[in-house]
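Data block below; observations after.
We call the chains A, B, C, D and E, going by the order they appear; numbering starts again at 1 in every chain.
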Amino acid sequence: QETFKVGIVSFLSGQAAESFGIPAVNGAKVLLDAFNKGAAPAPYNKVGFGGMKLEFVYVDEAGGATKQVQELKTLYDREKVDAVLGYVSSGDCLAVAPAAEEMKKFLILYDCGTPRIFEDNKFQYVFRTASHGAMDNVALARYLKAKNIKADSFNMINQDYAWGQDSKKDFAGSMSKLFPNAKPGEDQLPKFGAGQYGTEISALMSKPADVTHSSLWGGDLQAFILQAGPRGLFKRTQVLLSAGDHVLPGLGDKMPDGVILGARGAYGHMSPKSALNDWWWDLYSKAYNVYPVQAPYRMVQGLLGLKLAAEKAMAANGGKKPTPEQLAAAMRNSEWDSPAGKIRMALGGGHQAIQDTAIGRTKYDAAKKMVMIEDIVRFPAECVNPPANMDAEDWIKAGFPGAKNCP
Amino acid sequence: MTLLLDAQGLQKRFGAVVAASDVNIAVQAGERVSLIGSNGAGKTTFVNMVTGYLKPDEGRITLAGQDITPLAPRAITHLGVARSFQIPQLYGALSALDNMLVANACHDRRLSFWQPARRPEAIARAELLLQRFGLIDHRDRRVSELPGGVRKLLDIAMALTGRPKLLLLDEPTSGVSAEEKFPMMATIMDALGQEADTTVLFVEHDMDIVERHASRVIAFYAGRVIADDTPAVALAADDVRRYVTGELLAE
Amino acid sequence: MLKIEGIHVAIQSVVALRGLSLTVADGTMVGLIGRNGAGKTTTLRTVMGHLAPSQGRIHFAGQDLATLPKHARAELGIGYMPEDRGLVPELTVEENILVPVWVNKALKVDQRLALVYRVLPELMEMKDRRALLLSGGQQKLVALARALAVGTRLLLLDEPFEGVAPALSKRLGEVIAGLKGTEISVLIAQSDLNHSRKLVDAEFTIERGANVAPGVAAH
Amino acid sequence: MAATLSSTAPVSSGQRADTVGHGRTILLGVGFCAALCVAGLFAPKWLTFLVTMAAANGLVSLGIVGLMRGGVVPFGQGMMLALGGYAAALSFNHLGITDVLLLTFGGGTVAALVAAPFAPLLSRYRGIFFAMLTLALSMVLYGLLMKLTILGGSDGFNVGRPTLLGQKLPDSHSGYIMFAVAVVLATVMALLARIYFDSTRGLVTLAVRENELRVEYLGGSVRQAMTINFILAAFCGGMGGALAVLALGHIEPNFSFWTTSGEFVFVAILAGWQSVAAVFVASTVLEVVRSFSSAYFPNTWQLVLGLFLLFVIRFLPGGIGSLWMKGQTK
Amino acid sequence: MAELVTILIDGLTYASWLFIVALGLTLVFGVLKILNIAHGSFYALGAYGAATMVAWFASMQFAPWLSLVAMLLAAVAIAAIVAPLTERGLLRFFYGRDEVLLVLTTNALFLIMEDLTKLIWGANPYFVSEPYALFGNVDIGVQSYVGYDFMLVGLAVTVGLAVWWGLNRTRQGKIVLAVIHSPEVAASMGVNVSRVYMVAFSIGIFLAALGGAFTAPMISVQPGVSVGVIILSFAVVIIGGLGSIEGAAIGALIVGMARSVAVHTAPVAELFAIYLVMAVVLMFRPEGLFQRIQARKI
């Protein structure tokens, strides 16, 4: 019997392992099991991929983009995987996408955020099954507007690589449209993995601002919160975290209340009510004793999309294992339901997904010993993602044309 | 006779230690001068200043009329000054032959990127000197494994490859066994004899060797020159007998 | 006191000693004579435990040294003066002399210092100079003093006269001669017999790592 | 891959086999290179790619070996990799130069030119300070590359497929052709390195490592030797960088990051300083170990790699080269 | 003016933990001639150890200030158990090898310890932030500082003085100098060289672990904390001069200040400010600010 082999690439070591790589891989593991048993709810209830047994190969994403390009070639050529699904870091995505394209092999980017990938390139074989980072920053600015939060001035602190740079650009752009009078202040760009932010926090405090935006994530974000909390930063400024949900289970009561944050989609405590979501939530939390945050959500939505595309391709080719071309054709412009709502491959010529998202405010629940999220505002995909054939930056600059029914 | 080396009014201090105090030494071409003195008298310091390793605090050193005080060791070497060392300075991990080949190569100032270092004519030249110093049996041994005396000889042989005008030997025989000292000194002097008119200054503690090989003796004490004369006269001087040879009791 | 029986020692792959034997009787002065490379230094380093013999044994005061760690020799009262002096450049002359005394609980600082200065009064005036400033010969003197400070029973002196000016070498000779008749035994490694002929009670000649003519010295 | 097994003849006592003939060396190198190119035709793609990268990285390490022979080890050779890589990548994208040979030599030349003004300065440094100063310089370059958005900023950028002598590389064989180019270039550089190492200058470099003072006292210039070696190492590093970029299709500031440099040093030490062939063998070995351990021990590959390193350092102190070069060090 | 004060304070607090770690690095190098890349791993171990200890103390309902003791104990435990194990079990087989080879050896150790820590403590982060609040806050102008940071400065000064005094003013220190200069001669003089090595290594590792333990409250303790520390402490000891305590202090201050000035005035330069300073210092002082005395060669 044939097997369909997927390379799963995510951080298994280093500072991004704990909050991203490992939960994501954990998500893949429970799902693999469910798929192979045919235990997922319809329409995902076929065994494996259309009857083919599914097999995963896990690879560590740590070590830099160059290493990833090498590893990717090895996955396709030596491990003979039929598809690769991976990459948290935008830097890695930018590097591997052209390599897969050059090799004419099927690749799904499941997590990374930089909008540039499908804006600067045309790909045949590469897809991203989740929204890019523009969504998160536009949504934050819209949330401020919706909740009427004072934002006459704003500081920013972001990591110094594609994700951080693009996030700050998109946020500043959205602010200048939605809050034309808001003055930008500090613009800190510490390097990825810095760990110690005392000096940056001083700099932020030297220039008091109404709101402070950050797209920090992983260990960096945790360290920043631990250091900034006791110094009272959260009391002096409204902190906005574009991707902050994943640190909540770990930080617990160390997370200050009232921080506005997103999850890069309607994930975790902001996920919508649905049968699929309930199934997934249970599956994951039973296995790992913690609820799924953004990384496993994005993993599951990528795998679900891949499964449907593979099965669609098999239906078209008479039940054989699909070639990369057939897979790509099936995936392009497709749509599917995920625990976080509908995923639509709407941008980048049908290669880049858009999805709904939500933003909320933290509130520690002492009884549950858990950080909950309140004041949630949901944003339909069109409100926070550019339309097809438009780059995120231009769309923001143009004042979000096409966004309708926005809260 | 022509004046080859002329050191005038050399002063050198190391903190509180006076290593040279108004040292004036003139050496004629072709002389064989022995530097003697108690330990710490400043003999090595003098050699170091002449060869540019140390700069005197004051004073001037000329070589054949040219001021060499400000020059670095390499420049002075190119002017025809070579030296050996109290503690042999060799290339420990290389064979004796390779040590000689390096000496050869450095002496040709134009080093080549492609000409093999181990080409027959270079090897032949190196072997000739090894032969002359009785080192040919050690040709292929790693020099860090060679016994002390052999290393001393090799050190001197390397100094000679450049056919120097002025050769300074810092204690060439110390650490060499008694039976070998004299033959060794003879070997060195013979080897020198075959190079035309090399002037030699050698630091020495063994007065028998001084008497046999020096045409002139300069004695140091506490950074000063306390005697400068023929061996017979210098070794008989009271200060020398008191401070250097120890024949008179120090006060 | 010290008894070396047929030791074989190789340094890396070079065999330096082949079956060397030698005895230093209590209170005597023994010369180990040989040309350069004969293996004198190797012998002393083996006694000090820095090289391990592949065959043979070394006994000191009835004890087999093979089982002892390197640093235990000083404690037994062996003072060693290495060929290259081995002073600590940052420390003063006096501190250098005291290093072995400090680590040896049986020795008293005052006593040992007094002894050393009595035997080598010229050290007094340089006692506060850093060792790095000394000339080669001066360093020999200090190294001898350091060996004396700890060597209550046996001194191992490696080429004590090498590179030493005649005046000083006379002094050294006197100092060593002055140890005669005390309970201290001495083993002097020498390539140059001139200095030590008169000193020693017995002489062992070594050539290519083996004994040549073990014998009693001629006075 | 390249070059000679032994031309510095063993210094075994009494033997006279130590005059050098370049002929045999060159023959051996060319033969080996041809064999490898043929073998590449039958090798799986991942293996040819792995060897291509090993050859490119090996070039960088070859430069380090050249410096190591003079007693210094740079911990910032990633800087040369980056210089060569960026030079090639930028020429490709902005100047339209696409020929792989041209780009590779261009990369080497740019790295050498940038290194040249620093070389006399660096020639004064030894030991860990040389290592750290080169590291500092490479990190400054890293910082600049991260910040200069015209150079792609922190994420670098991608490069298309190069051409060879005016010919486009066909889809099906581009990997093999890059492999063959890398192998040939590595062989040429290895042979040149062998000739240089055996030259009078090469011997003086060895002498510098043993005793600088004596070199100066013999009339040789230590600083000149170090300066030249540094520039040559930069050239090798630049070539390696250009090749790596063309094979990978991607470049980023990480090329100049200190951990990247560390790997080149590791390869150089793994190889030892005696044999040039060993450099490429070591480079391949490291690639293989890393690639397999990260595939088969995704959670403990660092542990595996670390144990491998320890094993090599402990049991092959003279490097892989010492397995067949029983030379100068006994 | 206020900005200047902020810059100085930030630089100083950053320098303090860095100094503690770098001091250990410089000590180990000074005595054992090993530039220890795995130093960062011991820092991480200290942080993990503190996480475990503090949590245990908390579960025993001990008074909050005792968590400081817990952190200290963690560092001591690592110095007492892991350091001798590493030194006896691994490093001693490499003594006397080339400096650079030793760097690689410790690099291998670093890789191994990275995965080992993960196997022991898992990938989840640990938070030890309780002690961070122990010393309250200090308000200076617009800034609010955490008293703990100032406590760290005090700790750094204390530790620095203690080590300096131990090495320069005690017999033990002079004996260590003898070992540094020549282990063989020192052993001949009766010094137990392997013990000196082990103790010096343990103290060095203690300092790394101490640094890790006392920064643990400010960071999230998780895989990857070791990497950043290594290169920073390298920069410190290189700027200061290898093996020099005074050098480590000045080096830490320079690095701390360079970073602080960059972050406050030109955030773009933060990434390379430290290396730029390091390169400039080395250009003028090729062996760092404080150089070790060399024995006379000729």
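Points to keep in mind about this one:
To be clear about the criterion, contacts are C-beta pairs under 8 Å (C-beta built on N, C-alpha and C of every residue); 3 or more make two chains touch, one makes a residue touch a chain.
All of these numbers come straight from a predicted model, not from anything done at the bench.
Each step here moves to a touching chain, and the least such steps from chain A to chain E number 1.
Any chain that touches chain A and also touches chain D is listed here: E. Counting C-beta pairs in contact across D-E and across C-E shows that the higher total falls to D-E. With centres defined as mean CA coordinates, chain D is found 43 Å away from chain B.
Centre-to-centre spacing of chain C and chain D amounts to 50 Å, using the average Cα coordinate of each chain.
Averaged C-alpha coordinates give centres for chain A and chain B that are 76 Å from one another. The distance from the centre of chain B to the centre of chain C, with each centre set as the mean of the Cα atoms, comes to 30 Å. Residues of chain A found to touch two or more other chains are 12-13, 160, 191. Across the assembly, chain E contributes residues 114-115, 118, 268, 271, 297-298 that each touch 2 or more other chains. Within chain D, residues 146, 213, 299, 301-302, 330 each touch two or more of the remaining chains. Put simply, chain B touches chain C in their complex at residues 14-17, 36-41, 44, 86-87, 145-150, 171, 174-181, 205-207, 242-246, 250.
On the side of chain E, the complex with chain D involves touching residues 35, 90, 93-94, 97, 99-101, 103-105, 107-112, 114-116, 118-119, 231, 234-235, 238, 242, 268-269, 271-272, 275-276, 278-279, 282-283, 286-288, 297-298. Residues 12-13, 57-60, 63-66, 69-71, 73-75, 77-79, 90-91, 94-95, 98-99, 102, 114, 160-162, 165, 191 of chain A are the ones touching chain D in the complex. Here chain C touches chain B in the complex through residues 11-12, 14, 34-38, 84, 129, 133-138, 140-141, 159, 162-171, 191-194, going by the rule given at the top.
Chain contact summary for the complex, chain D toward chain B: residues 8-9, 11-15, 18-20, 22, 195-196, 198-204, 206-207, 210-211, 213-221, 328-330.
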